[in-house]
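The following block contains the structure, expressed as structure tokens.
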Amino acid sequence: MEYFFELFLGGLTRGSIYALIALGYTMVYGIIELINFAHGEIYMIGAFTALIVASLLTMAGMDGMAVLALSMVVAIIYAGAYGLTIEKIAYKPLRQAPRLSPLISAIGMSIFLQNYVLLAQTSDFLPFPSLVPEFSFMEPYEHIFSSSELMIVVVTAVSMLVLTYLIKFTKMGKAMRASAQDRTMAMLAGINVNRIISTTFIIGSTLAAVGGVLIASHIGQINFYIGFIAGIKAFTAAVLGGIGSIPGAVLGSLVLGWTESFATGYVSSDYEDVFAFTLLVLILIFRPAGILGKTKTQKV
Amino acid sequence: MLKIDNIKTFYGNIQALKGVTIEVSEGEVITLIGANGAGKTTTLMSISGVVPPRSGEITFQGEKIHKKSPDEIVKLGISQVPEGRRIFPGLSVMENLEMGAFLRTDKAGIKEDLDYVLDLFPILAERKSQAGGTLSGGEQQMLAISRALMAKPKLLLLDEPSLGLAPLIVKRIFDIITKINQEHNTTIFLVEQNANMALQVAHRGYVMENGMITLVDDAKKLAANEEVKKAYLGI
Amino acid sequence: MKKLMTISIAALALSLAGSALAADTIKLGVAGPHSGDLASYGIPTVRAAELAVADINAAGGVLGKQVELLVEDDVCKPEIATNTASKLVSDGAVVVLGHICSGATKAALGIYNDAKIIVMSPSATNPALTQSGDYPNFYRTIASDDLQAKLGAEFAVNTLGAKKIAVIHDKGDYGKGYAEFAKAFLEKMDNAEVVLFEGVTPGAVDYSAIVQKIKHSGADAVIYGGYHPEASKIVTQMKKKKMDTYFVSDDGVKDETFIKVAGEFAEGVYASGPMDVSNLPLFQKALKEHKDKFGEDPGAFFKEGYAATVALMNAIEKAGSTEYAAIEAKLRSEYVDTPVGKISFDEKGDAIGVGFSMYKVIDGKYVEQK
């Protein structure tokens, strides 16, 4: 039973990270029907920014949660700026183009960012400091659920609550939903849809950066390629939950995290990906729009 | 108030408007009638800035608007009730109305207009927290008009408000349109296939064919025009 | 021109006469690719044999006789290697240094075995050559591909005293190969048990589930086949989960980056790596001889080729005869100093004392474990 619980928590942690990234995919898709393949790279850039800031702060003699908080904030700002810039450079000029064009642009952007970090930083893995201290109240449970895992789950949960509030109750959030549901009508209602799209990119990038910093601190290393696999998995989670649906992305991520964790725990980690993608295929067979996705009737 | 001067609008390489000129005076109700695909919806979308014209000019209250973005045009006081109503299906009735007032910051004014539209269509007050997508066709049309009114427009563009509605509802909608025009002195630009109804409420009418205006006249005279009768009024 | 030709023919005749006269030499066959695109793997061994034999001959030869080299090219091709072998057999080779490529070596070994000739390769690393039992006349001075795994398995069980072992790999050729060899060795031992054998996905977001699984399996040691990025993630998560399971790994982990990335969590990790021979006097001597004679640094398998020559000649000398059984017995019983260390051979033909050492991370450095 304890083993089950451990696997459950492990899946929850991994699912939380997926969720932070998956939200960016699903929100952008919801509003402009684009798979932003460069999104995984934002997660990576967030982690790199935090590494640089954390190193500087540590050199300056700071330590503890202050380093985590400050490097997180800078990472968020940087990642947001990158998200915004990517949208402006790579997608906005192609808004009226056939759908394949922005997709190719997205893949190009992803490759560009990877290589940019590769050249600007290094191809090697870099050590990432454990920014989350071991909380004393977690000491008896550290062998089951470490402080950094707790931090991941808690920060993710808080981010989800903030995001839900933002989307549900603020004017900006309502405008985002309106733009996602009917972009032309949103324009007719006076909503500056371009600004909404930019905001969506910024919010998605922010969440990805949070995920990047937390996971890097948890596993202790980063390189220029970490965004790729995490991105693919998070994208899978978003599709699983129903791309375009915000609760769907969170649910899909948790389901994927648990599937992987239990598959490893009870079957074999050789089949971790096999189980994950089998689940995806099964869900798409029975619910083509994903768990919470709505089947859209094609507008003519 | 609104001057459309020889605009040509394209969808890709397909020319939808081949030099359209329309003039609307303040307080007027004008109607644009024509067959399906004549370019009526495109005309409205060009005014709203969603599909900007490639050449020609549109002037609203002395200001050139054909190069402005849709939200700037809304801000100047032009709002549109598009064809098919386009209610935000996942937003509640209240949220739909809020979106109509997206650019406004005068809380008191918004409240006043909200009371006004809920008074105009009491059914919407009952359906307040229901998702827009769950309303019936007639209710959606009422919501669409209300949403457009929430922007406090000087010029209201209406695209096929009668489409797909029961005759009784159609009559109510047209009554309301007249009421809005009279009570608020809101200028109304009405696009309709139901030419009969449209020419009854409008002061003047334009007839459009293949992206061009072919006839302009007083609504009454148009209704009496033999060709119009044959082509659009089914008489 | 004609004059030159005459002289060269005369010289050739003389040299032939010379070899015919000195019939009583110890003939050492040297086979490998000496031409073609793989020549760079074969030539250094020929040079090594020349240098080693020159020393031996200068010191009086073997069994009182001079040692003579019979150099034959097999261009690394199995079908040519059989001809090469037949030629060496008919020319009277007593022992053979070679071949270089595993495939060519396998093809040639049967011919030598029929003629009761011992063969020692400086470079053929295929595990089956020694482990299958099909090639009783085969020896080598280079570590078999599975030696690291053997070292890891034996170290975990015999040195660390682990009883339950989790074998984990990264599903890649190198890591999975290592893990499979380690598993096979562990299964042959009767005091150890493989409790887990699994591959992890490189680059996964985290390895929490596999770490929990290792803990759940009750393993007291992990043997990991793969490279350092995954190893450092797994080690870090194990330490964060307060596990004190031993972590034993391979050359892919014995990398400074591993220590740099895993930081304090790297402490106490074991990883095997090539034995350091650069300080051995014999290695330095061989290196100097090569530089003096050829004016450059030696190529691949030079020290192994040198070592094989020395080991073969030493066994013949100690055996006091060129008989197969006598040489075989001395190869297995005698330790001899060579440029790759002090070596002997096990009954399968693998050199004891070559190849890999186990290293442990102590204070941020890999320290060789003796």
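Letters A, B and C mark the chains in the order given here, with residues in each chain numbered from 1 onward.
The rule is short, and it goes like this: contacts are C-beta pairs under 8 Å (C-beta built on N, C-alpha and C of every residue); 3 or more make two chains touch, one makes a residue touch a chain.
Given the structure is predicted, the values throughout are model-derived calculations rather than measurements.
*Asks:* Could you tell me which shape the graph of touching chains takes: line, ring, star, complete or other?
*Replies:* Contact pattern: an open line, chains touching in sequence.
*Asks:* Which chain lies the greatest distance away from chain A when centres are computed from Cα atoms alone?
*Replies:* C
*Asks:* Can you name the chain whose C-alpha mean lies closest to the mean of all the C-alpha atoms?
*Replies:* A
*Asks:* Starting from the mean Cα coordinates of chain A and chain C, work out the distance between those two points in Å.
*Replies:* Roughly 48 Å separates the two chain centres.
*Asks:* Averaged over CA atoms, how far is the centre of chain A from the centre of chain B? Could you give it in whole Å?
*Replies:* 42
*Asks:* How many Å are there between the centre of chain B and the centre of chain C, using C-alpha atoms for each centre?
*Replies:* One centre to the other, that is 86 Å.
*Asks:* Mind pulling up the chain C residues that touch chain A in the complex?
*Replies:* 171, 198-201, 203-210, 212-213, 215-216, 228-229, 232-233, 236-237, 240-243, 257, 260-263, 265
*Asks:* Using the touch definition from the top, list the residues of chain A that touch chain C in their complex.
*Replies:* It is residues 3, 6-7, 10-11, 13-14, 17-18, 124-127, 142-144, 146, 148-149, 215, 218-221, 223, 225-226, 228-230, 233, 260-262, 264-265, 268-270, 272-273 of chain A that touch chain C.
*Asks:* Going by the contact rule set out above, which residues of chain A touch chain B in the complex?
*Replies:* Touch residues, chain A against chain B: 171, 174-175, 177-178, 181-182, 184-193.
*Asks:* What residues on chain B touch chain A, complex-wise?
*Replies:* 48-50, 69-71, 74-75, 79-80, 82, 86, 88-91, 95, 98-100, 102-103, 147, 151
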